[in-house]
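Handing you this structure, nothing more for now.
For clarity, chains are labelled A, B and C in written order, and residue numbers in each chain start from 1.
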Amino acid sequence: MPHISLNNLSISYGNHKVLHEVSVDIPDSQITVIIGPSGCGKTTLLKSLNRLLDLNDDVSVKGNVLIDGVNTYDPKADVLSLRKKLGFLSQRPYPLPMSIYDNIAFGPKVHRLTQEQIVQQIRDLEGRSFQVPERKNGAMDVLVESYLRLAGLWDEVKDRLRTPASRLSIGQQQRLALARALAVEPEAILADEPTSALDPLSAQLIEKQFKFLRNNYTIVVVTHILRQARRIADYVIFLYLGELVEHGPAESFFKSPKDERTRAYISGEIS
Amino acid sequence: MKVRRFKDSLATTFIRASLVFVNAIAFVIAITLFMKTRPILAKTTLSHLLSSTSWHPLRGDFGFFPFIIGTLEVTAIAMILSIPVCLLSAIYLSEYAHGRFRGFVRLVVDILAGIPSVIYGLCGVIAIVPLVRILGQALGSPTTGYSLLAGGIILAIMVSPVITSVALEVFRTIPRAARENSLALGITTWEMVKHVILRSSLHGIIAAIVLGFARAFGETMAVLMVVGNVPKVPLSLFDPAYPLPALIANNYGEMMSIPLYDSALMFAALILMVVVGGFSLGAHLILLKIERRGYV
Amino acid sequence: MRSRRLEEQIFKGLMIASLTLVLVVLAGIIFITIYKGAPALTLSMLTETPKGGYYLGKEGGIANAIVGSLYLGLGASFCALLLSVPVAFGLQKEYTGWRFASFTKLVLDVLWGIPSIVYGAFGFVVMAYFGLRASLLGGIIVLTLLMLPIMVRSMEEVIRTIPLELKEVSYALGTTRIETTMAVVLRQALPGMVTAVLLAFGRGIGDAASILFTAGYTDYIPRSLFDPVASLPLAVFFQIGTPIPEVQERAYASALILLLIVFVVSIVSRILSHRFSKHIVR
């Protein structure tokens, strides 16, 4: 059973139907890239997975999304734990309006982790036991450090953990967002054009992070940059005008696309 | 998890209840005023109340015409004096002034908009009333100075920060590209203002004026202090007048001791609320439209 | 071409004249208040309540009005704050449908426009109905009504500018509505909310027409919520109305004190809002 699978998912904003009966299984522990020209419904698809679409007015969703076999759109579904399972990176990084430290600690605090749970979480993450510092919030300090390290941000921010996160550069903010998402122990990461606001170097860092994380997480990345898709994808989903045109393992997708539109898109004839 | 959900639903209920509560407040105010005016409406007709000039509360004779006219005239004078001056100021600030100067003036105007109305009234008594007295004598109509004109001038001064700042805000919502495109045609700044800025911000200007009007129409203390308060239809600018808000403020003491008097004063309050409420509603709808469209 | 230039020059001249007029007149208001008020302002004005014969020009001060205004202003700000924060939050779409939210905003705009004298009259009628006399409580209630739309609308204006994406990243972590509201929306909107409260406080403390009926006036500092209370705007109004020059001078001094309070509040609000914007995300 795959973590995430979509069955006949159709989504409309009012009368405007933007996704047409999409069905696809998203493979575990791989990087799945959703490509397609802008406006084709990539963001909508991504946000339908963790029900962020609920925040929009008059969205209607038909079909279903199964996460670990549970239908997300079941009225009885537990949206909070569902969202906790799916980490999310937005197109432009939005640090929460608090310090760098609190950005990471926010998730665990909201979910009311006990001291023991925090210690356990760090152990799971680092794969080794460690000494909890004998001070107030000692375990949380270690947790924050671990995730900042995991996102490759620790060395840059360790001396200013208490300063507002909004003072970081955009590239650092996106890595902070990644660390923040990971800190609630998601099973998958959803990223919506996570590098489009970043400079090339920061973008490269993010891509490197994804490749590093793919062994432990299912990663879904939306992008409209073909070259990025080629660099990071294990599996590719191609959307065109709200329709799922083709999907498959990256190698065969790029080498021998089956659909005419895919071929045209890959060769740059349509964009 | 349960605790979190419980907190959320508790908070949500509380928040929704508070929304219902503010709406309820508005309806309670409207209904209360309406109910209180029923006794007087049962005794005389609406048209008589609005058109009669005879005001003798002790005889149960309530003609609101002088007060309505007084209110309208004071407000009209204020608008005539302030609109051109404020619009021209706002245009200058928006189109000619440097950004830093504009920011400074905006700050000053915002602070001035907060000056309490009794202070305007006080300055009216000290400065405007004597000025009007001198003016009246010079023009051959002797006056105490406590007059329609004095009320109008004070109101004009009071609403000027409001109109100026709303108009300025409206002008600034016009995108830079609209300015650049028209200036690129080789026209002068004033021509750009005339053909582009004013035309495309017409709605916003109306909203600014309506907001100023609403403020002026219901203003009590500042006007009350300088307008003379004589319940007669004023025949010239130098005659005293008696606007509705002043009527209510001056007579609440006897409200309960004369039959129907309280009902009559509530009728005055109702007129104020309906007129001002109506105009605020209009301004709201206009500004909403502007917001939706981005500009224009 | 010459006539076009001329037109430009004429209108530019008119504009500069207009702006100068507006600024000079408003500066004049401040100048008059200070010029008349400063000489009459003495320490005993600030610290003493009216003594016997005060209104004939004898000893005393307006401490009763200063303290009364602060009681009224602070009390009403507090009540209005308690009510407007949930309302302003509730206008977000997580809590309320689009229709009801727009309707409420419309109602609030109408409430904003309602003249303070109407609030006063309404308050008076309601208090008469419940057999309440003019009192601190009555004044606070009416001022709360007056401040409520000002606070809610200015708070809502700030909350509305918070990008949806910012809330999305918080929800994506699995937070509930109220958690996101308190952790993200509240912090992000805090500077604007502080400004809103102080703006409403300034409006409320300067308003006379609404409390004329409902708060009364007294020479004493109120001991309980049910005592009548004096206020600065009414102190100005009543004292200027007397024919005795010494008392009129005290009206000027009272006006100056009121003006100073309003300005200080306005400036403090700008400083505070700057202070609280440390964590704001743009």
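Everything below uses one rule, namely that a residue touches a chain if its C-beta (ideal position, glycine included) is under 8 Å from a C-beta of that chain, and two chains touch if they have at least 3 such contacts.
Keep in mind the model is a prediction, meaning the values are calculated, not measured.
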Could you draw the chains as nodes, link the ones that touch, and say if you get a line, ring, star, complete or other? complete
In terms of CA centres, which chain lies closest to the overall middle? C
Which chains touch each other through the most C-beta pairs? B-C
Most remote chain w.r.t. Chain C, using mean C-alpha positions, is A
Approximate Å spacing (C-alpha centroids) for the pair chain A, chain B: 53
Distance-wise, how many Å sit between the C-alpha centres of chain A and chain C, to the nearest whole number? 46
How many angstrom lie between the CA centroids of chain B and chain C, rounded to a whole number? 17
Of all residues in chain A, the ones touching two or more other chains: 80-81, 110
Mind pulling the chain B residues that touch 2 or more other chains? 4-5
Which residues belonging to chain C are in contact with no fewer than two other chains? 176, 179
In the complex, chain B touches chain C at residues 4-5, 7-8, 11-12, 14-16, 18-19, 21-23, 25-26, 29, 32-33, 36, 84-86, 88-89, 91-93, 96, 105, 107-112, 114-123, 125-127, 157, 160-161, 164, 188-191, 193, 211, 214, 217-221, 225, 245, 248-249, 252, 255-256, 262, 265-266, 269, 272-273, 276-277, 279-281, 283-285, 288
Chain B partner, complex, touching residues on chain A are 80-81, 110, 112
Give every residue of chain B touching chain A within the complex, in rising order. 1, 3-5
Show me the residue ranges of chain C that touch chain A in the complex, using the header's touch definition. 93-94, 98, 163-176, 179, 183-184, 187-188, 278-282
Which of the residues in chain C come into contact with chain B in the complex? 4-5, 7-8, 11-12, 14-19, 21-23, 25-26, 28-30, 32-33, 36, 83, 86-87, 89-91, 95-96, 100, 102-122, 124-126, 128, 145, 148, 152, 176-179, 181, 199, 202-203, 205-209, 212-213, 233, 236-237, 240, 251-252, 255, 258-259, 262-263, 266-267, 270
